[in-house]
């Protein structure tokens, strides 16, 4: 048992910073040595490698890794056969999805996927486009693009499929989106054999619980406040069921606390203040496991 | 109602970073797109623009914005007629005031404002200086300075009025302060008509509550500790009245918590420790609404 | 009494950033002005200087400073006679120790300290090496190295004594470690006369309490959760004794909270979840004084 | 005579780097000390200040400076009465002109200056716009813009007058140019009284000669080649008149050299090579005075 | 004829900076606008695109470009059928070749290509490896690597084929080179049809002449010196034949000049000095066409 | 003979950049590999190490190096016995000397060296100060300073000896210079035994010639112009004797060229222009050996 280890692939590049942050919130010291790809992690049961998210799914399928983090997009693009353990929900710097879109020059005659017949499409994820065309029964020429895909039309291709954030880059290159082909977020994925090993499965599930708890904490906060006994019932009606009410010793006042989405506080706090709550404080969280 | 919106001006430059931080603590996702001035904010009732703090007060007066954040200094300099909603108290990177001072070369014969008669004063905020001279009944020549005002004396002007932080820049240019003409902090200001609109006023007041709660949280913390029943009364005498005391189930011990200024903890914590409090922890806060 | 002041030396360089962070967690506003060595601190009883950690121990011995922060290594190297107030436990960017090691070229015939007889050793801390050689009764030639010690062997010296972090730099220069000569962490040290002054001693002890509370908080968190009355006893068995259990008003549920090492949460949280705890949240801390 | 000095204003900001480069090519050591505005120059007859180009023309008019470098645009904007000594022809990083243009939103109804009547125009150079409107007999409202003028339309103004480089910034903000109001380059300008002083005028003229020689050298090169006596006459027909032909001792070959525009070499060199010239070399120049 | 244009592909990335430098030496103003891929060049007969060197060869083959610059390596990898116009000899920041090597872990049992049978080879240039294996009649598994190829062995592959500069990166990852599979430099390549068009061929040849002249000038200098008539014959024996000797008017002295490799000057200059040459100067060159 | 090599020490730090520039002008390709101290140089007879200038003189004395570059200051400070080959005249980024000065607080009672008796002097170069005090027959306490010497007075020392550039740092710390103790420039120094070896001495002398030629070229230029036969005699009177005059074939015009200090061109060029010279060009130089 001593020697059992999980080989884990951590994604290099745009997902890297946020992934390390999530591991740290989850309770791990994890560090990238200079020039390194062999990460230091303070858990002797984990061996941790920094690899491109494009490479992780296949390395998991082939058993060179037990577990890894990659995006939906690259899992599909590489057609890797892996076990999806859980959805970590983030992408780049935030908890959100990223989009792969079909875009064409603003003045192009191509208005929808049907008009792509026989055209040239540039893309960094050739299989995603193949699947998309197949599903839509359209035949077109797909050319692999080595980055900067948005500069290809109209001289070097008729359309592109590319990842977008704000859309500013597309606009700056005079392109418009005509379809969304995939919304992708970050997944924790495992090798199928590793998932059948009792010890590894347990280890992976604990890790998934902690990582999800860390991701969830990014959007949640804890609110605490003092409520007078007279107003308690009225206020309880607007609070979540899971609120904890504790009596303050020797007074007709209560300490009320509950967890909620950070963005809900924008509405709840002004409401609670008006209803007479006092000493409202909002506490940041490292992990939330509901 | 659906379509009602507040047009909000966020200050670009030295106030920008801290302002965004306060909005985020207040529960908003707010982002500056590259090259952008049209901010993304996850509240469909707010339309948000990044503008120079010098320009925001006038745009609010003229109704091109409903609400905005700018410094006292620029509100006065532009002589904009606006409603001051609340004082957000910060300036640059911290909760503090900034100062506009009158400075002259260390060896100048100008010792006080009276000696300015007929002299040349360089300044980026010409009206602030006009008002100051008028109040002091001194006539002098004010020249607009395009930045780097501190290098003007003695060759290009006799005195300057400039914003100071640490005073190091003045010292480095061999200048000394002879008067403080304004202490300025950051204000939330509204268009007077918008303030008369029922829906807008309510929205603005809720926003002010959240922003102030966020600013206040920067200087406050929550302290929690365990106190034995025997020592409770003695310890309560040194704690704030708003402390919450909760009995620990099945023991003669109490859980005591209260909010205080972070800087007060330097004195309170050693005192509480000596009086026998155990397990003292200090918790950071995101918002405080007392 | 008014005018009493502690003269404090803060270490410049690799310990600087973390030291300032600890002071801030401890409740002080502390800032380094541009080009400055005279730090701004919002405690009128402290006068604060930024100095090299190599210089602080001797300045304390000679009474030019009352108090300071430096590493074990430089305290020993300078042979300064000072009072060690407490171990702050950090080094560079983390709570950990740093190591001074004896290293030689991978293919060197020197296998242990005994083989050093008559050889040349390059080092930035000459006295550390002298003491080490003396203790081991070996005579060798020690040459002071002005940095980049790892490039000296084999052309310019036979062995080196140097500080290591990950060991990557040694490996890159084809060196191997053959002994550890010192493990060093950061100490709070005082002038012996200052320690005999009543007022100064009290001030130093309070400061030590706050700084240690801040360092400890870096590794600790607070866990809170809801536990049903039925499961309470079983769960209490796995929790620390210092856990606080508070009854939730009007229900057979309890609010349980305790402090623990952040890294322990990796094991505790999955266990508690399996035992039926609900609404587990982890809260970051600024200070912990147990 | 010893003490005679020229007070010279060097423009800070976008013209700064190129201006310093031109002074260095002209044979001066000139340096900006950290935080400084009082430049070091190795000519005891020059006292040299770094000032904003907006401020230099007025300081020259008022005699606080004898000589300075600024753009046409700011000379006109400030309406300073100064002597133009020579056109230095550069702007920003190159020998070229910059343009101030009138721009409006792409879908604006404003098609030409005539449509500006009663509209709001944002601009950093208010007088330039006033003069332009006056010349065109159009009345409109001009608002001073504190930078980022291109973000003002359509919400905060109807049109802008702004400096453009590539036009990319305008396009990115969905604006189009509808008129060019000024093409500006960098001028050497002098105070009118200084120009009447014999010594100062001579000094200024020598300086102008060197600076122009340096600017011109940026676009010129020297070509040298060997030509056989048989082909000399044919080749001389395609060369500039000022070519120098020197006989090579003891052979029927000639060394031919001339100065030309660097961009002309793209056509001349292939032609000369085809006509039989040998050993063609192109030499960079520091100064060219034709 | 007016409208004839050459569509030119300029390589983005590691070759970009040096390529722009060569164009500038060749007499072109060429600039990359922000976010741009459509380069500004001051020759109306050239339309210039910034593209990855991996993409340029195929775009030339297919006629989407007439002319382009790319490395030998990517021309072979993409198997593009193009006309090689000339060898520009540079790679990265200098005039030199880059190497693609076969490397394995230092302690691997793989000693030569023969031992690769059945092994996994990671590489960014899959076809280069295929051709190499085929030529050597070895069958192995080639896996495409998305960068950071040097971290793949031994866990994720048995060997790699990768580009090396100094070899430091390989050493740092504990790899050793066992074969060089390609030495590559930068080529000017043309579409075969464009090469048959009279006008385009002429334009391309002139451009090649200028670019080669610019690259050559990077390694050449011009030496000039004064030689007394008495020593002339002896000195001429050690000089290149193409030296130009011009008599100095009215004296028995000669001006001698010749072009040579910059690195040869290390031997020639001390020799000439000893033989009595005076006033030896070395002049940098922009272009050399011998 | 084949294997003969010179071991050369190149100074790391403030002299490094300029030293590499001089080697490149002298005709060597020299490069610092990442993390390296073993420089790549394209001369198989030189082995080249990057070392601190403080260490080079002693390594030369002891024969671990044959040759090296260091400042006068460190040669004296380390009291190394070495052969000075030549003065390379530069320091930091330019051809100039640097100064070590004695400085005290502006309001100090110490007015001259005599007042130092019994005081504390901080310095990074302890022996330089010892020699200086000895020469002046003053006894004082010298303390080694680990950098940032200018912050030491008045709290940590009474005076300092430090290197100055512009003096701005001293002024910013309220210090004034009361004596200059050393003016230092960069020297090429050799081991005394190496200097007796025939082959090494020859190699070192050739290298010195090239390096000096490169340093000299930094301040010199070549001027060329056309002069009509009629004016030749008058003009020759103002030109250096070493000017070369070559007749232009078939015309009564002459081509005149000479080398001069770049800074002299500021006076010569306007004068020559007024005397009727035409087509004056100034050419930059790589090496000058007069």
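Letters are used for the chains, namely A, B, C, D, E and F, taken in the order the chains are written, and counting of residues starts over at 1 for each.
Definition applied: a contact is a pair of C-beta atoms (placed from the backbone, for glycine too) under 8 Å apart; a residue touches a chain by one contact, two chains touch by 3 or more.
Small disclaimer: the values here were computed from a predicted structure and weren't measured.
Engineer: Same or different: at the chain D/chain F interface, is the fraction of residue numbers used by both copies above or below half?
Structural biologist: Because under half of the interface numbers appear in both copies, chain F and chain D meet with different residues.
Engineer: Quick one: which chain's Cα centre is the longest way from chain B's?
Structural biologist: For chain B, the chain whose C-alpha mean is farthest off is E.
Engineer: Higher C-beta contact count, A-E or E-F?
Structural biologist: More C-beta contacts join the chains of E-F.
Engineer: Quick check for the class: compute each chain's Cα centroid; which one is farthest from the centroid of chain C?
Structural biologist: The most distant chain relative to chain C turns out to be D.
Engineer: If contact pairs are compared by residue number, which of A-E, C-F or B-C agrees with D-E in over half of them?
Structural biologist: Repeat of the D-E interface: B-C.
Engineer: Could you state the distance in Å from the CA-based centre of chain B to that of chain F?
Structural biologist: About 52 Å, centre to centre.
Engineer: Quick one: report the Å distance separating chain C from chain D, using the average Cα coordinate of each chain.
Structural biologist: 58
Engineer: Which residues does chain E have that touch at least 2 chains other than itself?
Structural biologist: Within chain E, the residues that touch at least two other chains are 35, 172, 246-247, 283-284.
Engineer: Give every residue of chain E touching chain F within the complex, in rising order.
Structural biologist: By the definition above, chain E touches chain F via 94, 166, 168, 221, 224, 226, 246-250, 253, 255, 262-266, 269-270, 273, 278-284.
Engineer: In their shared complex, at which residues does chain B touch chain A?
Structural biologist: Answer in residue numbers: 26-29, 33-36, 40, 42-43, 205-206, 209-210, 213, 217, 222, 242, 244-247, 254, 259, 283-290.
Engineer: Give every residue of chain F touching chain C within the complex, in rising order.
Structural biologist: 12, 35, 37-38, 49-52, 54-55, 59, 64, 145-148, 151, 155-156, 169, 172-173
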